[in-house]
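Presented below are the structures under discussion, each in the form of structure tokens.
Both complexes below contain subunit A, partnered by subunit B and then by subunit C.
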Partner chain A sequence: MAIARVIYTVRDAKGKDATTEVKLPEALGLAGLTDWAILFATILNDFTSGRIRKCQLTLEVALSEFTSNLLEDNSDVEEVGAFEFVTADGERVKMNVPGMQNSATVGNSDDLDQTDVQTAAIITAMTAGITTATNSTLVQPCSIAEDDIVDVLFAREVHRNSGKRRSY
Partner chain B sequence: MEALAQQIFDLVEANGGRMAWSEMIDAVGYPDRQRVPQALRFAKGQGTLARRLYPQGDGTIWHGVEIVVDGDGEPVADSE
Partner chain C sequence: MPVAVVCTFGFTDAKGKSSSTEVKIPNGLTITDMVDFAIGFGQTLIEFTGARLTSCSISLTIDLSTATIRSTPQAVSDVEDKVLVTATDLDGFPIRMNVPTHREFLAIDGTDQYDDTLPEVAAFIAVFESGITIGATEIKPFSKYGNDAAQVDNVREIFRRRKAR
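Moving on to the complex of A and B:
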């Protein structure tokens, strides 16, 4: 069974933040999970001396049927495709995709080739949305203010220290 | 830019109203292919062409360009 995580951030009198999380069955659905999260925030608030300043809900998506999800030789998550999008109101939305392919840039520049199929698909998904299979609804990514993303400002290669190394 | 947007529109129209991204890029060819994103931005502003992604049910996603149609199903570019 897939799970959802409700993550609460608590701030103390010294201004320090700490988090605690609760796992719930995803089957509750978004409305049920949200209800539960708010109810538990009330309980948590009575318990903690700090102030609850954030409550986030994350859903884990099963990738078992995603069979093309393969690891390529020489892939490197520190090679990042950095995209910056914009909403109709001019609000900027950044997205950094780790492990970009070296062939994705144009010539000798660090600009991503926006005509490449793989890069163009990301831009289309972010600026025009994806029509979902489940209910044929066009779902469009948005800013934190829930404004639809409408255009890409730039897409380029950057290098960023991942800070972690895991052995297999 | 308007000329390239019209060229892409004509290509898509000749292809039945929608065209896969890779086919469209190949059909435009060098050197104009690098200006395709800007041309599509222009066409989007005109309301004539739209970038689209549709799941195919077999795990793949169709990605391409589609002519925007009005309420009567006519291409916006051809309607009054």
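Moving on to the complex of A and C:
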């Protein structure tokens, strides 16, 4: 059975944060998980002396859902496909994809070939969204403020130390 | 302001180095739609990269404005002063929960053990042993093996350096 994790961030009097988590059945659904997390927050509040400042729900997606997920011999996560997009409100959103293949660039430049099938697929997924398989819902990527991404500004190869990549 | 849902994709390359990327999607979707999107987008990333996808998760922020929680930490609170809750699931596998910011009056005088006759402690234990009612169903926390919690074995104060639990 799929497991959802509810993670509470607690802040103390000195301003330090720490987290604690509870695992729940994902089958409870989003509304049920949210209700449970809110009810438990009140119980947790009485049990602790800090301030619960954040509650995050995390769902894991099984890797068995993906196909052709193979490791190439020369792959390097420090070779990054750097994309920059713009939202309807003009906000810029960056995305750094680790492990890009050198064949994705145009000639001797760092620019990614946006007509390349794999690169074009990422740009289309970011700017036009993806229609979900089960419910045929169009899901449109967005900025942190939930403004829809509408266009790509550039896509190019960069080199970055390995580590967590974020979009902004 | 609502904060977007974050889909995080972790990759590992041929040298064993790891890195990740994120994409944000709006709130208001069902779990099925969020998972389907993550699968579709992750598959697009797999086609683009030579690294292997090694993790995929979806994180969303839960609004606690309707929960009854304090707005400021108590003066003596310290996230390194914790409560260790140990429980077992239906198959006897352990469940451990480190809860930051211990409350001194909940421990039995002169010991690290929590007093399970106090309502704050009893309510916490009841979550594991009886669950929280959602709809008409009592929902208990899971172990990492996907089993319901069965009983709480011990609740006591401990000290741990601050980090994500």
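Here are some notes:
The criterion applied here is as follows: the second predicted complex is superposed on the first by the 160 of 168 C-alpha atoms of A that agree within 3 Å, B and C clash if a C-alpha of one lies under 4 Å from a C-alpha of the other, contacts with A are read in each partner's own complex, and residues count from 1 in each chain.
As a working rule, a contact is a pair of C-beta atoms (placed from the backbone, for glycine too) under 8 Å apart; a residue touches a chain by one contact, two chains touch by 3 or more.
Source: prediction; values computed, not measured.
Annotation: superposed three-chain arrangement on subunit A; subunit B versus subunit C shows no clash, the two fitting side by side. By the document's definition of touching, of the two partners only subunit C reaches A:M95; subunit B does not.
In the superposition on chain A, A:A133 contacts both subunit B and subunit C. By the touch criterion defined above, A:L24 lies against subunit C but remains apart from subunit B after alignment on the C-alpha atoms of chain A. Once chain A of one complex is fitted onto chain A of the other, the partner contacts of A:F47 are limited to subunit C, with no touch recorded for subunit B. By the touch criterion defined above, A:A125 reaches both subunit B and subunit C. Once the two complexes are overlaid on the shared chain, A:V61 sits against subunit C while remaining clear of subunit B. Contact with subunit B, but none with subunit C, is seen for A:T115 once the two complexes are overlaid on the shared chain.
Figure note: vertex subunit A, arms to subunit B and subunit C, all at CA centres after fitting on chain A; angle 150 degrees, rounded to a multiple of 10. Of the two partner chains placed by the overlay, only subunit C lies in contact with A:N69; subunit B stays clear of it. Of the two partners subunit B and subunit C, it is C that touches the larger number of subunit A residues. Minimum Cα-Cα distance between subunit B and subunit C in the superposed model: 8 Å.
With the contact threshold set out at the top, residues 65-68, 117, 121, 125, 130, 132-133 of subunit A are in contact with subunit B in one structure and with subunit C in the other. Of all residues in subunit A, those touching subunit C in their complex are 1-3, 6, 10-14, 16-26, 28-30, 32, 34-52, 54-61, 63, 65-78, 80-81, 93, 95-101, 104, 117-119, 121-122, 125-126, 130, 132-135, 137, 139-146, 160, 162-167. The touching residues of subunit C, when paired with subunit A in their complex, are 1-4, 11-15, 17-27, 29-62, 64, 66-80, 82-83, 97-103, 106, 119-121, 123-124, 127, 132, 134-135, 139, 141-144, 146, 162-165. Across the complex, subunit A is touched by residues 21-22, 25, 33-34, 36-37, 41, 50-55, 57, 59, 61, 63 of subunit B. Residue ranges of subunit A in contact with subunit B, taken from their complex: 65-68, 106, 113-115, 117, 120-121, 123-125, 127-133, 151-152.
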